[in-house]
Amino acid sequence: MTTTILAANCNTDPAMTAAIAGVGQSAASAGTTVVGVTPAWGPSSAEGYVESLVTAAAVMDAVAGHGDPFDAVVMAGFGEHGREGMRQLIAQPVVDITEAAVFAACLLGHRFGIVTTMGSAIPGIHDSLATMGTAGRCRSVRAADVHVSAIGDDIARTADALEGTGRAVLADGADVLVLGCAGFAGLDVELERRLGVPVVDGVAVAVRFAESLVALGKRTGKTGAYAPRSADKEWAGPTLGSLRAFV
Amino acid sequence: MTTTILAANCNTDPAMTAAIAGVGQSAASAGTTVVGVTPAWGPSSAEGYVESLVTAAAVMDAVAGHGDPFDAVVMAGFGEHGREGMRQLIAQPVVDITEAAVFAACLLGHRFGIVTTMGSAIPGIHDSLATMGTAGRCRSVRAADVHVSAIGDDIARTADALEGTGRAVLADGADVLVLGCAGFAGLDVELERRLGVPVVDGVAVAVRFAESLVALGKRTGKTGAYAPRSADKEWAGPTLGSLRAFV
Amino acid sequence: MTTTILAANCNTDPAMTAAIAGVGQSAASAGTTVVGVTPAWGPSSAEGYVESLVTAAAVMDAVAGHGDPFDAVVMAGFGEHGREGMRQLIAQPVVDITEAAVFAACLLGHRFGIVTTMGSAIPGIHDSLATMGTAGRCRSVRAADVHVSAIGDDIARTADALEGTGRAVLADGADVLVLGCAGFAGLDVELERRLGVPVVDGVAVAVRFAESLVALGKRTGKTGAYAPRSADKEWAGPTLGSLRAFV
Amino acid sequence: MTTTILAANCNTDPAMTAAIAGVGQSAASAGTTVVGVTPAWGPSSAEGYVESLVTAAAVMDAVAGHGDPFDAVVMAGFGEHGREGMRQLIAQPVVDITEAAVFAACLLGHRFGIVTTMGSAIPGIHDSLATMGTAGRCRSVRAADVHVSAIGDDIARTADALEGTGRAVLADGADVLVLGCAGFAGLDVELERRLGVPVVDGVAVAVRFAESLVALGKRTGKTGAYAPRSADKEWAGPTLGSLRAFV
Amino acid sequence: MTTTILAANCNTDPAMTAAIAGVGQSAASAGTTVVGVTPAWGPSSAEGYVESLVTAAAVMDAVAGHGDPFDAVVMAGFGEHGREGMRQLIAQPVVDITEAAVFAACLLGHRFGIVTTMGSAIPGIHDSLATMGTAGRCRSVRAADVHVSAIGDDIARTADALEGTGRAVLADGADVLVLGCAGFAGLDVELERRLGVPVVDGVAVAVRFAESLVALGKRTGKTGAYAPRSADKEWAGPTLGSLRAFV
Amino acid sequence: MTTTILAANCNTDPAMTAAIAGVGQSAASAGTTVVGVTPAWGPSSAEGYVESLVTAAAVMDAVAGHGDPFDAVVMAGFGEHGREGMRQLIAQPVVDITEAAVFAACLLGHRFGIVTTMGSAIPGIHDSLATMGTAGRCRSVRAADVHVSAIGDDIARTADALEGTGRAVLADGADVLVLGCAGFAGLDVELERRLGVPVVDGVAVAVRFAESLVALGKRTGKTGAYAPRSADKEWAGPTLGSLRAFV
């Protein structure tokens, strides 16, 4: 029996989806297939509130319109909005890479820190920690000043930037580092070598945690916050057909 | 000199937009015009996470595509997502009715409580209070079990439901009550009469607070969380043309 | 119909009362009259706990003894004690400039910071934020090392000091600045020009927010923390005659 | 060598001062003299914000005007304002009975609860816990509906009321009870007998803790919040002569 | 390549160790071996602070003295002390079932609740949540009044007790339930059937999360809280030989 | 009538026990005898989680096996685990020097800071503050980089290290300093002289606070977290005989 996990990229860049799915597949168990999902609309990268909120809707739309069966969804937008909506939308387990990375970091160290892309992404990460309930374990969130779209242009330079910013985060009191962007996926090993601390790649961990929940037969709770929506609502707008029809 | 305030309904029901704009206009100063805005896409009412997140994107799209000048935006979706995105999108003051109602309640009492529509809306309100930073002042959030779409069907019955649930909230220790849905706008006076405590209608207060910020010449801060997005991003999707082109 | 707002200075310096009332009047709507109130006793300036607590009593005494009718009270002592007592004392809306400034800052930015006069005033401001429930939104409180009594001696030098300390507060992570003393009222525009971020003058905002509550017919909640005192208590002391007789 | 501790009643009722000083003296070590201090002005009892804030000023005035030397001050107003001001005013240790009772309760149990006089006193107690930093250890604060002035009228009835309300507090999850009024001083032993849990009388504990700090040669810190005021300020008002002249 | 996970029972009951290891093995992937570890000293069950703290030391001693290689440790004492010590002691990943269960619950619902054995275990669970940093997500912790040693005596009666207490926890606002004792391992499926919400068995989840960290090559951070101890300390006591010699 | 207080050293170094008991005796009232207790097993010093958790068990074992009567226990391991277990074990008052020092610091200043021995001890101190509920009053915890075992080797050098680190803590915003190791006991006066702020020695304060609780007849609450253990449990392990037999 195989497990299928959708790795939902938050932006519309298919190359990034492919990269995320690749890292996720590498991290997965033998029997797991990781399928990348790219939203049909929205920005080519998400680095702030406007883009984050648009992607939240677009990712739900994409997953709702996904024709094939799947066992879990990994939401591959670090610090981005939407995990609660996805949990209301579907019954399968939903693992946000922000949550997975933070929870893994809490298992590996006493205080963690986060390195993200641009300063504009930091406030949304703080909000995500606040509603997640783990803000007290975080010592700092810092930006490496690398645009999402530029991560892969010069991977050595990206690694250098993460190393430098990572050292600042460790100096803030962290003993474990979280990679604060899905685009950084796969860089954890190199950074562990450079920094000498555990470095958590949320995509990899989220795939493993999603597998874990699937293997144990767990489903999203549907008696409270994530109870299905009323079926009889009107929905306007051409692009949301799948979302409208889903429940 | 007149002030124009956009009152952005979060759902696609034009009747509700009209009602919100009407209450907002009644609450406004003589020189203020309140203009209702209805998203072009999304659900006919928002009562949970899926709908809330879709409306966040749709409301930004609607405001970005609004052709005429305006001085401030009131976001008339209680507990709904999106205020941070709107603040990044535009430079004019943005007042979420959740914030306005909560801040007014903190000025009028020591501990407040909220009555909303359906239980599915409660978790999102808690999240909104958490990121707003005022959760410690809130004693309880309760649902009157009135669907947004049914509020106006029998206004006396809605008032009765709010009164009953309001009494439970007061028994939880609140000395001021917040109406937890834009659709309840205009019911504050009747409920004050029945309950003997201040009852805050976020639409009315938000219009007044938005006027205040405009009158004082205040604009949204653009050096941190709400700095404008990079202009060169690709945007996919037919409905987001205005949003894409805005900055 | 006109609205009368009492702007209660916390110290006994009539020149500062006049300045506060002047800024408040400038900020007010056309139909509003701002009337300055000066306590009959207490210190000539409040920059720490002893003075703050004395002014809390003296300001209540002054407002209780105010002979003419009024519609709301603005408490013009930033970070000073007393707002809860005033809310118990009277039924009209009470707006502390600390609250008004903080709430406005939360509408204009994601994280705020405060510049106050002397270091001795900082702890009281932290306490005020703690009971207000918004401490989590504040990044730092710093002192410009300008005595209250010296603010007006050399306004250019005061502005320079605020600018320098303001830059340090912004470097702490704030994207909006709050002026942490009623004596700084009127300097917000100049500092916005210098710093490029929204700068909030609590006196101006408090007058506008108080007008808002009056216009909407709101009164302080009287069923809990602010229920009237028992009428039959003995009061000793010559200066508290008005306070004793008020209810 | 004897130790002199001022037990400062917060109200102007000399009988209550005598009762407080009596309980304090009974609780004290052999070498300690407890001297009651009664404010010269203010209310005959404090059961809410107005009265609490007036007593804060009046108690400082009374202690500042106390002619004889003393080694420490116990502030015998449970949940009342003023401890921070007293710490700025004098160099000797200052122990608020709220603090002493709460700290002792934290040593004797895992979660405490408080029984106070009237509901109007509860919000101020919550504020005191918030600035003290121990709110998380408190399970509930409940009122026995006994006016301060009526405590001694029928001591058996007062004990019955405390027992009943105390049982409700224990049912809220507390394993130690705090007497939330200086007027309850001396009732702890009887209530321990009835309820089977530790019952903390703040007056007794505060006297002991104050003795402890004196014995160890401790003084209030004067480099931060409690640094002395500037000496050159003007003070208006006949009753505050001692306060004005103190530093 | 196989993965070996030590499942460390916190008490000295070998039957419970066998049961825990059995549930863990059932939950594990094909290539994983779960090896039960029983402390050589300490209580036969842990239901409060004394026992919890003894087991923390005894479990470290048992793992330190474990002769065979292993890849990770699962600490199978719900709410018990010790995870931080184990993380300092060894370099392999350490997963406390309290953490694993809580993190999984946060992925499956919006607010969780916990059902434990006896009331005496509740305070330690609250402390564990406090240091873990997720207390804000927990709605209630309740005891089923089933002694650890009696869980297996009548498994139907245990399930009934968990169901009843679980319903109370759900009524407190939880939408996912956590089994608050390693001895409850294996009852999650039956309770899900009865209660209609996700029920999390920490042993099963912890094994899966430990596997995940091992598969991804993660190790405990050793630059901060969990840096190895100084090697040159004296250790007294016959039973702690292995612990003393470990580093 | 004399009072006997056990001062329980957390490590197995009898010289440190003697030093602690000596400082405690010097701080005590005339009628108090301070008796040092040394655990029979465990590490010669505790500077991190492994050692802290072992000492928690060993100290309970030592006190449980103490043959002579006593009136209270002072737990002389700063930031170490175990106070809750001791409170469950015995009925007499238990005062952890961490609690005593922090509570005294809260009475003497507005914000405190802590100087401890090694960086490895800092995380445990943060955890202790978190469960104690006073973390919000603490500005920083810093290590002087002095091993516990080296404190007495060169007391002048130790004082110099504390002074330097203490200045850094004061610069972090503290106005009172806490000595974060029982081994620092007795250095408070010298550091007060050098730093000009109150410096709190937890051993001295804990002895005084323990005396206070004894004098007032207080006992640990036994209806909740600290209710006695079930008597019928099996205990394995030769060294825990006294602990097993105690209740």
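In order of appearance the chains are A, B, C, D, E and F, and numbering begins at 1 in each one.
Going forward, contacts are C-beta pairs under 8 Å (C-beta built on N, C-alpha and C of every residue); 3 or more make two chains touch, one makes a residue touch a chain.
Bear in mind the structure is a predicted one, so any value in this text is a computation, not a measurement.
Put simply, the chain farthest from chain F by mean CA position is B. Per the C-alpha superposition, chain B sits rotated 120 degrees relative to chain E, a value rounded to a multiple of 5.
The greatest centre-to-centre gap from chain D, using C-alpha centroids, is found for A. Per-chain CA centroids place chain A at a distance of 44 Å from chain F.
Measuring from the averaged C-alpha position of chain E to that of chain F gives a distance of 29 Å. Among all residues of chain D, those that touch two or more other chains are 84, 87, 110-111, 123, 224-226. Residues of chain A that touch chain B in their complex: 12-13, 39-45, 47-54, 56-58, 60, 81-82, 84-85, 87-89, 119-120, 122-124, 127, 130-131, 147, 149, 224-227, 229-230, 233-240, 243. By the touch rule above, chain C contacts chain B in their complex via residues 27, 29, 84, 87, 93-95, 99, 103-104, 106-111, 132-137, 170, 173-176, 189, 196-198, 200-201, 204-205, 208-209, 211-213, 215-226.
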